[in-house]
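Chain lettering (A, B and C) follows the sequence in which the chains are written, and residue indices restart at 1 in each chain.
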């Protein structure tokens, strides 16, 4: 009967062994509304969960950020962003809390975007908790769509809606005439081989949808 | 109806008369000439006699036809029950009915005999497991069957008990229609899964709210295992084949007293705990809490 | 998960290990069996001054719920509980720019865990940044989830086992929640209450 270890000790041991999936490999793209059926059809053929049909989801996502108010000229502004997601279609599921770090585009040879990510289930008090922690809501949206699996890869095809009114789900307005397509894998760091698998899979969806490394900074400049 | 039967009877008797007279004709024909016909003109006498007989037969036949025409034909086909199958298979050996019939006749006869004896003995020595008395004969309704009752009767019983206790919630599900399994939640204290066989309680399992609804798995907590045991005892105690509804009602009334399982101290020793268990026994009449060792 | 009562055991003039030994003997004499060890720890983080008014996050782990991290955020006005996966610790590391850990307040209670009937008894030696502070006794009555229903029963058990130093009133945290359904976070609240008291009290100065 050994004494239970300190939680922090076991966490740092897990970190050392590199078994915590804290890196997200990501490719993004979009498809117009009128072609989404074709894409879903293709995905149904390519992915693992064929017999049970695609898994649908309807989630509400809130993006929080924690920033230090008085940043002097010398200290760079520190921003820390967190996302909270909850299912609108299934009750009594836990909320999901997610930290997403800075993304690395890497050079041309790297097939996907890599960003650090910590994903965890949490209780419904999380929204209050983050608000009182000093976070503020940057934006929120509703995503509705389908999820597919192919080995370790996760493919989501979702429609993004603006939040309308105070109650979620009351009146929602789609943000655009297209669906967001994401291909992602959550893995411990250093498993770059998976990125190659993702590139090959993305090839198979061309030319219906172009899954690419999206550089948000550049998008910011366009807008 | 009365008339129909009368007519049927007269038709039947007409047929009887016809048959007997036809028989006379054949008798006389088979005997041929007899001594009483005398010597002279015996042929013509015999023919004359035969003619007379045939006239009688003719008359009788007319009577039969009249009687039959007066009968009203039965409406529709007859339902003959199981006997219709008799026509399907006619060989006696293959039906093997006779042996079975004899056996079942003997069996029913024995049942009659034994039940008469048992009835006498029971009437002389009445033993009641419960405190009820059957003094008034009016209350002794004969219920033919308690394990094979229509589902609505059980449903009504359950809803009426449900109304009796506000802090008890009932959920029913019926894997087998006439034998429901109900889940009884006693406030936030415990829940019981009760299986019925008709109107009789067949099995009880007491568990914590967080545990599964499996009827056969035991609770993981000692206290609920003990309560389950006691429920089985009470179930047998209250069991009464004559008045199954009352049995269920008394059982539920007794069971309801467990809403103080954790909060009531033992009536005898005044303590909450004895061998780390709260008072798990409830007196069957007074419903007072006792430890198993104190009762 | 049943109702849990946490209480300090009067240490009188004995040392921590002596107290634990006495209590172990008593509980074993009552017929308990030892079922492993337990550990509850608590680390406290405070917000950096740039974030405005000071807030405190207490992060606790309980070996009874090994896959969960409990956090309690104190804003001064209210306390918000949160239960998450184990990775929350990793998130707190990432947040070190905003919330810094106060190493000198790291507290833990650990010791043997006993089971007796439907009760679970834990005898914890409390240390605050490795200094011995006292003994915490945790008693859980697992079949019952409503504190009001089984408080008398638990009181009787505690008094039978701790003698006169057993509690006579429910823990302050539970007093307003006697009719509510008990959940693991309530145990965490009680631990934090005691850890806060131990932190304020002067150290006994004895290493356990």
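As a working rule, a residue touches a chain if its C-beta (ideal position, glycine included) is under 8 Å from a C-beta of that chain, and two chains touch if they have at least 3 such contacts.
By chain, with names taken from UniProt: A = Mediator of RNA polymerase II transcription subunit 18; B = Mediator of RNA polymerase II transcription subunit 27; C = Mediator of RNA polymerase II transcription subunit 20.
In this text, all values refer to a predicted model and were calculated from it rather than measured experimentally.
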Most heavily contacting pair of chains is A-C
Relative to subunit C, largest Cα-centroid distance belongs to chain B
Per the C-alpha means, the centres of subunit A and subunit C lie apart by a whole-Å value of 36
Taking each chain's centre as the mean of its CA atoms, subunit B sits from subunit C at a distance in Å of 64
Expressed in whole Å, how far the mean CA point of subunit A lies from that of subunit B is 67
Going by residue number, subunit B touches two or more other chains at none
The answer for subunit C against subunit B in the complex is residues 1, 30-31, 116-119, 141-146, 148-150, 152-153, 156-157, 160, 181
Residue positions on subunit B within touch of subunit C in the complex are 188-190, 208-210, 221-224, 262-263, 265, 271-273, 275-278
Listed in rising order, the residues of subunit C that touch subunit A in the complex are 34, 36-39, 41, 43, 47-48, 50-52, 55, 57, 61, 63, 66, 69, 71, 73, 75, 78, 80-91, 94-95, 97-98, 108, 110
Per the touch rule, the subunit A residues reaching subunit C in their complex are 1-8, 11, 15, 20, 22, 66, 68-71, 78, 80, 97, 99, 101, 118-123, 125-126, 128-129, 132-134
